[in-house]
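Each of the next two complexes has chain A plus one more chain, namely chain B in the first and chain C in the second.
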Partner chain A sequence: MNGTSYLLLAYYSLKESLVYIKNTMVFLLFSAFGLLIQYSAWYALYWSVDFMPVMGRSFETMLSYQILMVLIRSFTDANGISRQLEQRMVSGEIALDFLRPVAPRGMLIARSWGEKIFQMATDLVVFSVAVLAVGGIQSPASIEMMGLFLLSLCLGYLINLMFELLMGTFAFWFVGVNTLKWFIDFFQLAMSGAIVPLWLLPDWLQFCTKLLPFQAILYAPAQIYLGGMSNMEIVQTMGLQVFWILLLMGLQELLWRRGKRRIVVLGG
Partner chain B sequence: MIELNHISKTFRIAKRNAGMKEAVKALFRKEYTEIHALQDISFSIGKGEMVGYIGPNGAGKSSTIKVMSGILTPDSGECRIDGLVPWKNRKEHVRRIGVVFGQRSQLWWDVPVIDSMELLRDIYEVEPARYCRNLDMLAQMLELGEILRTPARQLSLGQRMRCEIAASLIHSPKILFLDEPTIGLDAVSKIAVRDFIRQLNAEQKTTVILTTHDMQDIEALTQRILLIGKGRILLDGSLEQLKARNSAVRTLTVEFSGGDFVPVEGEGIHTVQLRSGHGVFAVDTRILSVSKAIEQLSAHAEITDLSVAGISAEELVVSLYEEFQI
Partner chain C sequence: MRIRNRGCWLAGRIVWFFQLCAMTLSMCWRGYISYKGWSALVHGIGLIIGYLGEYVVLYTMITNFPGVGGFTALEICFLYAMGLVAYALGNLHTREFWRMDELVLRGKLDLFLVRPVSPLLQLFVQDIQVGYLSHLVLGIGSMMLIKGMIGLSWDLAHWALFFFSLLAGGILMGGISLLTTPLTFWWGRSDAVTRFVRGGMRQTLQYPVTIYPKFIQRLLYIIPYAFVCYYPCLYLLEKDTSPLAVLYPFYTLLAGVITNLAFYLFWRLGLRRYNSAGG
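So, the complex of A and B:
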């Protein structure tokens, strides 16, 4: 299978997503509504302190962070790869993937990109409307910083992708990964900076987030974008991102190889 | 071409007893049952052969197909197909085979069938010219036409199955594995699928291995039968050879008038079914010749019609299952 077929796979998956365009419209509304609630909450917080900086961050920075998070979350989202993988294992469709002269995980990722492109397009709408509504957000200090942000964003996506693949691979052993994933998602939401910027957390909790891969997915790129990091800190942050990618990838590969032998599907 | 030697595979599945207490217990300690799905399976199949693989549910048919298609790694034994070990040279091997699982769809559910075909073309890197040729041929032989432009989820089972078969052949594989290809199809679709498979085998010399519970499939398609039961190969031979094992038995169906029949039970003859004016008797010709049997029967009543038949494939399989107690 050459590169174009992965593209074609993504294209069909995009086409498939379009079948369910109505669902997406609902999600779009939810996404916009969520942003509005967050805006109200932060506005109330800053209003109570006469719009003085909180933990060294101004209201503008806070707003920029939240609006930027729409894009960062959208781009680093692995589009339910673990759910897809579990579903294919439970239903036995995974066996059909192994019947093709291609990498099953490659197919899975290509498919997820079809959904991803569609989802990013809708999130871009929410993002643009939000930026226009608040009259623009902060931009990175320099064009180099923008480049580093984009690089860090890609690393963030890879961490999340590897994490989702790893979770999905557990389904070789236990069915019910999705329930576990649901709890982890909740945890992830709090520890990754998706809702509350980590600078607002107490030190001990900030320390805890550093031990988990989640902050390296969302918070790290956002910090690089908003500035306030020395060059050394940026190198450290990205180094940590690469570390998580390699660790999760290694674990995933190990489990995948063992799990492959467990394919006991399609009956008799 | 296909060579299996002493293939064995054992599955361990968690045993679960009913009841809340047992469910809680299972959380802490699981008990496992070992299932010997395949035990010492050996056979070889030559190029262009059409082989029927039969056996009751859970006998190991699908497991064997999965081993041969590279999905399942056996615990022990050797398998070579065209010189390749399926589960070791997976990518290379799957390029040369086509597989249809009757109970599972390989078509993309929400997009038109033609899109699935194009995707398969790219996945298997089929040259455009050959792709067009294959698609035309398949569309014509399987009467796909408009169906190709319909999303798979809107197809009837028969239409879908025809598409599945087409999808498994778009890269012109040398070997075709069909796992219950006629399951749930109506008579017309069944005949269409059978005709196609026969034609494919005759014209393209494609090796076909098919599992089925439908004995008409076997009768219509295969020259050779492998019987599997409880994970072991029990018989390997042609349908005729198998029938010959039970060839001594003839079924006499008799219509009669006047007089009442008492159920005949004697040397080499026994009554299968009996109601007024109609009787079915099984005759073992090694003990009692057919003419002697008719003589016996006509002594009881006036025979108005009579037919003599050999054993059908269906009855054959039932008697085989009984014989091997599977």
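So, the complex of A and C:
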């Protein structure tokens, strides 16, 4: 089997996502509503300080950060690979997956890309409308910065992908990992800068976030885009991103190999 | 005589309903502990850690500012905790409805329709989420803590209305979570709308309603998130000291009854359209 199989899987997954158009519209609404809630909260917070900069960041920078986060979150999302893996584990389909001529993990990633393309298209609409509504957002300092931002974004996606796969692999032991993933999502939301930029957190908490991979997924690309890092910091950040990818990949591979031996399929 | 017989029948049904609830709760608890084993414990602890992370971030973020919508950082955390408790109480019995699309599209709802018990009742008790216990422990615990930190001194009426508000909020939240699920009978899939109403709009609970644009505020009265915790908090946190403020928790209950009733009527209407899709 070659790459065409994976492309076909992604294509069918995309078609599946497009079947229910009403759902598509609601996803748009979901995304736009979330952004509006964020905007309202930040507006109210900055209003309380007469729109003076807080921690050196103006209201405009905050808005740019929040709007940019729509795109970053959309791109780095690994589209519930752990949930899919869990479902296959519970239903016993995982045993069949190992018999197929495509790698189980490759199949999950390909399917997630189908959904991802659909999701990114809807988020792009929300992003564009939001940019137009606020009259534009801050641009990166230079073309090089834009390139570094895109590179960091890809690295962020890989960290999240490895993390999702790692979470899914726990299903070999716990079966139900959805709940585990659910609370980690909450934690991730808080510690990745998805809702609150990490520059607003106290130093001790910023230090804690640096020990976790979450800030390297979302916050790092956003900071590079907004020019919040020096060249040296960018190099360090990207190095850290690569470190997390390798660590999570190694851990995942190890657990995957051990987990495969635990598969017991009942029934026939 | 007929009225007395009817009264006995009704009492019997109520007793039977609670027996059924107790039995299912016991089954769910045993299932939760024995099937999930360690993951049940991991889940409970994990949820508390996850939410604590959110609290810390929310609190530290708002402390950079004087407040939001007239609420201080601690008061926002109280609001957040109350939303958490309402969400947990309201979704103890609604989990089966989360897979409404699957039930309708694959004809699995048939199983509930052919039994001699109301399908709605069966769906309520099918999958009681005992795992929400950790939400309740964390939510109520943190509210107690925050109350002490703010320095509020409550009398007996405040305490009674505090617990009343939590229950009423739970009833309302349950109604909101269910409200859009019957759309599946018309659309085939409604998970996105339901997730939007149950999850997306839930984000509004953590801030005072007054900070949102007017059209969102109106929406929060139509799908009455405004009453889940904002109004009770105005009374409990003594943000509104007018004599009428004592009525706010009752507004929550009223909104809860109306929302649940609206869901029931919507459900009945949808069920008439249901054609089994299974084979």
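We take it that the second predicted complex is superposed on the first by the 265 of 268 C-alpha atoms of A that agree within 3 Å, B and C clash if a C-alpha of one lies under 4 Å from a C-alpha of the other, contacts with A are read in each partner's own complex, and residues count from 1 in each chain.
Just so we're on the same page, a contact is a pair of C-beta atoms (placed from the backbone, for glycine too) under 8 Å apart; a residue touches a chain by one contact, two chains touch by 3 or more.
What you see is a predicted model, and the numbers here were worked out from it, not measured in a lab.
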Three-chain arrangement built on chain A, chain B and chain C clash or fit: fit
Which of chain B and chain C A:G92 touches, first, second, both or neither: first
If touched residues of chain A are counted for chain B and for chain C, the larger one: C
Touched partner set for A:R257, first chain B, second chain C, both or neither: neither
Touched partner set for A:R100, first chain B, second chain C, both or neither: first
Which superposed partner A:A44 touches (first chain B, second chain C, both, neither): second
Apex chain A: angle to the C-alpha centres of chain B and chain C, given in degrees as a multiple of 10: 80
Partner chain(s) touched by A:L201 [first = chain B, second = chain C, both, neither]: second
After fitting on chain A: smallest Cα gap, chain B-chain C, Å: 5
Common interface positions of chain A, toward chain B and toward chain C: none
Of all residues in chain A, those that touch chain C in their complex: 20, 22-23, 26-27, 29-30, 33-34, 36-37, 40-41, 43-46, 48-49, 54-55, 174-177, 179-180, 182-187, 189-191, 195-196, 200-202, 205
Chain A-facing residues of chain C, complex: 35-36, 38-39, 42-43, 46-47, 49-51, 53-54, 56-58, 60-62, 64-69, 131, 187-189, 191-193, 195-196, 200-201, 203-204, 207, 211-213, 216
Of all residues in chain A, those that touch chain B in their complex: 1-2, 4-5, 8-9, 12, 15-16, 19, 92-93, 95-96, 98-102, 260-261, 263-264, 266-268
Chain B - residues contacting chain A, complex: 11, 13, 37, 57-63, 66, 69-73, 90-92, 94-95, 97, 99, 101, 103-104, 106, 108, 110-111, 115, 118-119, 122-125, 179
